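Chain nomenclature is as follows: A, B, C and D, assigned in order of appearance, with residue numbering initiated at 1 for each chain independently.
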Amino acid sequence: MDIRVQTEPFSVGDVLDGFGKGSHDIGAVVSFTGIVRDTGGLTRMVIEHYPGMTERAINEIASEAMERWSLADCLVIHRHGTLVPGDQIMMVATASRHRAAAFEAAEFLMDYLKSRAPFWKKEFGPDGAEWVAAKDEDEDALSRW
Amino acid sequence: MDIRVQTEPFSVGDVLDGFGKGSHDIGAVVSFTGIVRDTGGLTRMVIEHYPGMTERAINEIASEAMERWSLADCLVIHRHGTLVPGDQIMMVATASRHRAAAFEAAEFLMDYLKSRAPFWKKEFGPDGAEWVAAKDEDEDALSRW
Amino acid sequence: MIDVMYFAWVRERIGEPREAVETQAATVVDLVEELKAREPRYEAAFADLSALRVALDQELSDFDAPLDGVREVAFFPPMTGG
Amino acid sequence: MIDVMYFAWVRERIGEPREAVETQAATVVDLVEELKAREPRYEAAFADLSALRVALDQELSDFDAPLDGVREVAFFPPMTGG
């Protein structure tokens, strides 16, 4: 299990090329990468987080995924600080014996990171700055797990 | 759309670092990588395919995914020839505005590649060689789309 | 003495990211009421509790939870990670 | 003249990957019957059609499909890609 909360950019390639190496019973690896879109003339986004609680919350979510889907490995990287359109915000990766578990666990991780990890996004655009509001559908997504 | 049928290994890292670049409306990238597991003392696996039909079938599946989920991009790499445990067999990647579409399209691609792309796997182990039988559950998986 | 932290627009309305608060409040709601009685900026931040979340010692909690033994309380809007 | 191709264990039972077949068969089933009448290895390969799939000109098809204008017929077991 590998969890990183950082301001620095990351290379999905470098991360995935090393992911799950060393385990002999991996048949499926799924990765998700979230990227800043330039909707509505967004110029930049600032992500604030709660140091300490962030690592703790992600650890809890990832541990639950590891156990529930018997993952061979699991990784979460989430950036904070200032990002611009095209920048990678975060990624998750899951490794398991079969594809269904790897897909499900990755979606579970994403759903929980969206509404249970203490990050807040502020968007800066032509009309000023605004905190991104949580979506009901993100909260609803948790009910399927 | 990028489709490759090849004997050569590939680097998920190199592939993903270039994937979706140039498009400005991508918020989510999902990748799946299939790896040869060393179950039951498997020593090697030979993948046979139907040159011509393979490319045509994958093209059809990928085009359907592009349209159905309005993907910004979509990639499929599938190897044939001799592979050993730990080798990567294939990968798919999808890029879209939102995460649900990227996840669903990647699962759709995997389900269809499993039973509609003309590949056949022969496994070599301590008890000799055997063609992998198609699983009912793989055929059933198509019914959800 | 409790460490009280604020994030996102709650932090902006209060005007600072954290402060040490001398309180005997029994629950989170009691603490919120004490803070609101202090200055208008607290009233502005805590006007609608349904728009807020609270964490006690870095674990999500509820507004009616007891503060007994708690060292760190954090107030923030619903999270928007991922 | 039709190009007939075999894959996986069908290829192994027939003993070759492809052959040109002179035939007037109207449907895939008719072609299969002609082949089975030839030699035991064809009978072995086509013993259970429910275990086989057929592609006409590189498109999945059915055993009762007509061969009119078809140039390439391929027989193989259910696919196991991915």
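Operating definition for what follows: a contact is a pair of C-beta atoms (placed from the backbone, for glycine too) under 8 Å apart; a residue touches a chain by one contact, two chains touch by 3 or more.
Here the structure is a predicted model, which means the values were calculated and not measured.
Enquirer: Setting chain B aside and leaving every other chain in place, which groups of chains remain linked through touching?
Expert: If we ignore chain B, what remains breaks up, so that the groups are A, C | D.
Enquirer: From chain A, which chain is the farthest off, judged by mean CA positions?
Expert: When every chain centre is compared against chain A, the largest gap points to D.
Enquirer: Between chain B and chain C, what is the separation of their C-alpha centroids in Å?
Expert: So the centre of chain B lies 49 Å away from the centre of chain C.
Enquirer: Counting only Cα atoms for the centres, state how far chain C is from chain D in Å.
Expert: 73
Enquirer: Could you grab the centroid distance between chain B and chain D? Build each centroid from C-alpha atoms only and quote it in angstrom.
Expert: Going by mean C-alpha positions, chain B sits 26 Å from chain D.
Enquirer: Taking each residue of chain D in turn, which ones touch at least two of the other chains?
Expert: In chain D, 82 touch at least two other chains.
Enquirer: Of all the residues in chain B, which ones touch at least 2 other chains?
Expert: In chain B, the residues touching two or more other chains are 34, 99, 110.
Enquirer: Classify the inter-chain contact topology: is it line, ring, star, complete, or other?
Expert: Drawn as a graph, the chains make an open path, so a line.
Enquirer: Check the chains against each other and report every pair that touches.
Expert: A-B, A-C, B-D
Enquirer: In their complex, what parts of chain B are in touch with chain A?
Expert: The touching residues are 11-17, 20, 24-39, 85-86, 97, 99, 102-103, 106-107, 110.
Enquirer: Under the stated contact criterion, what part of chain D meets chain B in this complex?
Expert: Chain D reaches chain B through residues 5, 7-9, 11, 55, 58-60, 74, 76-82.
Enquirer: Per the contact definition, I'd like the list of chain B residues that touch chain D in the complex.
Expert: Counting only chain B, the residues touching chain D are 34, 48-50, 52-53, 56-57, 78, 89-90, 110, 113-122, 131-134, 139.
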